[in-house]
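Should a chain be cited, it is by its letter among A, B and C, assigned in written order, with residues numbered from 1 in that chain.
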Amino acid sequence: MNYTFTLRTVFPYLGGLVAAAEMTLTLSVLAILISLVIGAAVAVMRRSRLRVVRFAGAAYVEVMRNTPLLVTLYIVYFAAPAIGIRLSSFTAALLGLSLNAAGYMAEIIRAGLIAVPGGQFEAATAQGMTMGQMFRHIIFPQVFRTIYAPLGNQFIAVILASSLASAVAVEEVTSWMETVGANSFRFFETFVVAAVVYVVLCQTINLARLQIGRMLFRQPEARR
Amino acid sequence: MTGSLVFLPLFIKATGTTIWLSWLALLIGAVGGFLIALLRTSRLWPLRVIALLYTEAFRSVPILIVLFFAYFGVPVMLGFDVSPFVAATFALALHASANMSEVVRAGIESVGRGQWEAALASGMRMREVMRHIVAPQALRVILPPSVGVYITVLKESSLASIIGYFELTRTGLLVRETQGGGFGPLLALAAIYFLLSYGISLCGAALERHYAIGGATTSTDAVVGGMA
Amino acid sequence: MSDAPILELADVVKRFGSRTILDGISLSVAPREIVCIVGPSGTGKSTLLRCVNGLEDIQGGEIRFEQTRVEARAKSIKAVRMRIGMIFQQFNLYPHLTALQNVMLAPVVVHGEDRKIVEERARALFEKVRLSPRINAYPAQLSGGEQQRVAIARALAANPHLLMFDEATSALDPETVGDVLAVMRDLAVEGRTMLVVTHEIRFAADVGTRMVFMDQGKIVEDANPREMLAHPKTERARQFFSSIRG
């Protein structure tokens, strides 16, 4: 009961913390980008004319949303060597995280696509636009607007989820807390420091999202 | 493949452990979440601030570091041993209470003040108003997203394996080791989690449809959020 | 009537699954004609317009626009669409672009025209539809009638040879209908070729050079508007006109 909270005890480990925070951020940013690509593909699959393709898209989403991320990570981590591919801890964690996040991302993008009225596709087609022109000038700007806020939430969710990468030996913030805590027995201090890092990362993204959103979407909403 | 059938009883037992752990954490989290929701909707602003900080903190910190702290940190600090089970229940329940408080708050706020006034004016007593007017309406808003909270707890309970608790995931890893590698047992794990979680989410969707008659229900994802 | 037809439909058949929506439509439109298409709801009027610019494919017959065969899935469809302006009942303006940007987008992006020249033309078009002060507003800030006039300017910006209106005033408040009809009248006076699906019988009688009455996927009557209104040849047309006159 005579434990005293002394932050000084973790000072020697702060260098490692910076590297760890960089790892957390790198992992999260890459996972968001990759899951955006996979998620977009899955969302488009769910609008296909072919039933099989629609089903495959829906199945992907449900499987990813209904299995624990940790299990996905282990499967990627252990399955790759079993089929003869060598993956580093980082690559395995990134892949598992991205595949899992893509399940949620697909739903976000799907909702964004549904929000574009059918008349928009018609008007653009009637004006002679190609698929590419329609996507670039009509669909993307509208979808981006609707998915912008959920995208920010998803970014935060991925940062928190990236803590599980410590389970497959990636040296990010959570594994920093675990190893430094075990070496120094200062678990309270390492916990507080790690928590602060996560809170700062999440709140920075939150604020940045609001600020950037204000700059991007300045046009007024009201009718007349 | 017939060899792996030997492990079937082990998987069944471990599934039971996972269900037990997740339900216990959900129940504790629901009680805690209810209390925090009362603070959130309190008339005293310091209570509202405390409740807000609590929910915001647990929504911007990964549950895994809470788990590590509970398991490794608390014994060092307080000088008594914490079993993996207790640490896992504690961490899961904390996170669930933060999620649950948001769900309950939405439920409470969905019942307008006018309802209270109308019911009291018609001569009902407080308890009767709560029972006949507020509870049924709030429940309709609370129940469907609670299913989402549970699914999150269920998936998060897999983290208990990291501190050595023998629930489903840990068992799957053990079976994998005794088999000398491969990923069959991991796929079995994924399949079991999927059946549990998807089955429950179907129930949740049915609930949502059942309660959707009139009045707004909040969307599960919007309130619960998060990946696990 | 010596002009070669700008648009020719020969025995066009359109099916959705097993339902036949257009059942052998033949129609020829000469330059400067203003053809008003009328008929009961669900008869296939919108579908007919959509087939003309290949928004729908057809299962039988042939559509020719300025000598080009219209095929929904062919490469040539783009050139056809670039020469046909379409105005929709629901306006379908692009909500993330201002009125001016809505008008300029296709000429710049699809036709590859110079931005400066397009902008000049666009400003003149806003003058024509009497919306110059609202040029920088977003669609959400415009009334229905204003949005529809922007949509007309947008269609005109591509210098189309044919304008198609699909119930352009049906989604409007009564007090703004007149503004849109006035613009359409101006276009008729200019000598534009127009294919107009409408329930505004008065407009059709005043402005139309021809009236086509459709029912159940077929053209039942095709005549001068005043003549058809005064002496419908078929019982179905008689019933329809008396029903919409109330």
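Throughout what follows, a contact is a pair of C-beta atoms (placed from the backbone, for glycine too) under 8 Å apart; a residue touches a chain by one contact, two chains touch by 3 or more.
Worth saying up front: this structure is predicted, and the values here are computed from it rather than measured.
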Distance-maximising chain from chain C - centres being C-alpha averages: B
Top-ranked pair of chains - ranking by C-beta pairs in contact: A-B
Chain occupying the most central position, where position means C-alpha average: A
Chain B and chain C, separation of their C-alpha mean positions in angstrom: 57
Cα-centroid distance, chain A relative to chain B, in whole angstrom: 22
Inter-chain centre distance, chain A versus chain C - centres from mean C-alpha coordinates, in Å: 46
Interface residues, chain A side, partner chain C - complex: 117, 119-120, 122-130, 133, 137-138, 141-142, 145, 219-224
Touching residues on chain C, where the partner in the complex is chain A: 53, 55, 78-79, 81-82, 84, 86, 88, 90-96, 105-106, 109-110, 138, 140-143, 154, 158
Chain A residues within the chain B interface of the complex: 1, 3, 62-63, 65-72, 74-75, 78-79, 82, 100-101, 104, 107, 153, 156-158, 160-161, 163-164, 166-167, 173-174, 177-178, 181-182, 185, 187-188, 191, 194-195, 198-199, 202-203
Of all residues in chain B, those that touch chain A in their complex: 57, 60-65, 68-69, 72-73, 76-79, 151, 155-156, 158-159, 161-162, 169, 172-173, 176, 181-183, 186-187, 189-190, 193-194, 197-198, 201, 221, 225-228
